[in-house]
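Next up, some structures in structure tokens.
Next come two complexes built around chain A: one with chain B, the other with chain C.
Our next item is the complex of A and B:
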């Protein structure tokens, strides 16, 4: 990833040298040409083309914002009910992420999403213990998290 | 309506949303029964409300005075990163010092794990 970005910057620099035009516009056009060249040479790199990575990061951020708004709406709805109908509980969820930062990002996302809060992470990073505010159906909650977040994070960390 | 009026309407709606949200999350702190459900109210709704108010302040100074304050944007990012970690740490500390869940909680799978761990750590 970093290697590809460095090569792209270097191409933009070479483009500026070749044109003898030291302006920002010339840097941008050189960078765009570098992106095109890297796209055609993507088979030679061991990692994937880095714009795919940028796309998945942007997608993760958008999912995050959407879930934040939904979660605030749900919490407000529960609070404003005349009688509390919530059934809280703690459930365990197995995750399939290896690296530490992925587990951190996943638990931050879970904490900011509808009615769930990470209480503990098991020492071997395999299980999250999640407190849910309203828990009629554990399997549905797990499925929901897995569909929305875990896949998006795996997509980001795929090389 | 000219552009200034429209933008001031939008900004005031965002400020109003943020302050109503933070009021409701304060109600949640009073109404909800135990520490875990309270930290739900404290982390989610109030994060969004602080974000709304900061965004509105940013827009107000950007539209009205042409002042693009990068510090407000940084503040949004920092609130975004630190609020869930704070909620997680408070509830984790509460759980491990033995604060019990609300009476009508329906399940607690972390307790089963702790009970299983305790004999093995002693032996």
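Our next item is the complex of A and C:
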């Protein structure tokens, strides 16, 4: 991934040297040509072509925005009810993520969406303890997080 | 029961570089805009304090094998040295000058001897702050 980006920047620089044009426009055109060459030779690299990685990062951001709007609407609906019918609770959720940054990003996304909040991480990074505002069904909540965030994060870190 | 600091440590690893860059920016800004040696030194110290909060004292000592008392002494030496430097030009103690010099790549730059004095202030602030915090934080 980083290696491919470095090669691409180097190719843009070489393109600027060849044209003897030190402008942003020539850098952009050299970078685009570098992307085309890298796409042509993508079979040589052990990792996947890095535009797939950029695509999955953008997808994760869009999923986050969608979840933010949906859960914020749900929280507002709970607040505006005359009688409180919420059942708060804390549940443990096993996660299948390897690296530290993945656990951090998942915890931040869960905390930033209203209604759920990461309370603690187990010492072996295998379990998150999540507090939920309204918890009618624990399994459904776990399934919801798995479907939305964890899959997308695994997609980002896929080599 | 030791708690798991994985989130704090990961965020620290990223934010530390931003804080250090900002402290250097504020240090060089001090000539014409708000900023300068004192606030830049405090900003650098706060970055290292964040490192101390996220990890422990032994880790930070392994990453930065610096005795901060020596940093304070070096800063004082630089500050006094700029004052002494004015004697070579038959000027009174701590008088300062500035000039414009042309550099091959960077172009026209303003050079001031006050910046060297500011580096001394910066080093003194970093050294004293971290000496205080490490002395308080150490187990006896």
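Assume the second predicted complex is superposed on the first by the 158 of 159 C-alpha atoms of A that agree within 3 Å, B and C clash if a C-alpha of one lies under 4 Å from a C-alpha of the other, contacts with A are read in each partner's own complex, and residues count from 1 in each chain.
The working rule: contacts are C-beta pairs under 8 Å (C-beta built on N, C-alpha and C of every residue); 3 or more make two chains touch, one makes a residue touch a chain.
Note that the coordinates shown come from a computational prediction; the quantities given were computed from them, not determined experimentally.
Superposition note: with chain A as the common reference, chain B and chain C can be accommodated side by side.
In the superposition on chain A, A:36 makes contact with neither chain B nor chain C. Among chain B and chain C, the chain that touches a larger number of residues in chain A is B. Residue contacts after overlaying the shared chain place A:6 against neither chain B nor chain C.
In the superposition on chain A, A:125 makes contact with chain C only, while chain B stays out of contact range. In the superposed model, A:107 makes contact with both chain B and chain C. Superposing both complexes on chain A places the Cα centres of chain B and chain C at an angle of 70° as seen from the Cα centre of chain A, in steps of 10. Legend: residue contacts after superposition of the two complexes on their common chain; A:76 is shown touching chain B, with no touch to chain C.
Within the superposed three-chain model, A:62 lies out of touch with both chain B and chain C [touch as defined at top].
After overlaying the two complexes on the shared chain, residue contacts for A:28 are found with neither chain B nor chain C. The gap separating chain B from chain C in the superposed three-chain model is 7 Å, by closest C-alpha atoms. Residues common to the contacts of chain A with chain B and with chain C across the two structures: 107-108, 118, 120, 122. Interface residues of chain A facing chain B in the complex, by the touch rule stated above, are 68-69, 71-72, 75-76, 79-80, 84, 86-92, 107-108, 111-112, 115, 117-120, 122, 129, 131, 133, 135, 138.
Within the complex formed with chain C, the residues of chain A that make contact are 100-101, 103-104, 107-108, 118, 120-123, 125. Those residues of chain C that touch chain A in the shared complex are 2-4, 6-7, 9-11. Interface residues of chain B facing chain A in the complex, by the touch rule stated above, are 21, 24-25, 27-28, 31-34, 36-37, 39-41, 43-45, 47-49, 81, 83-85, 87-88, 91-92, 95-96, 101-102, 104-111, 113.
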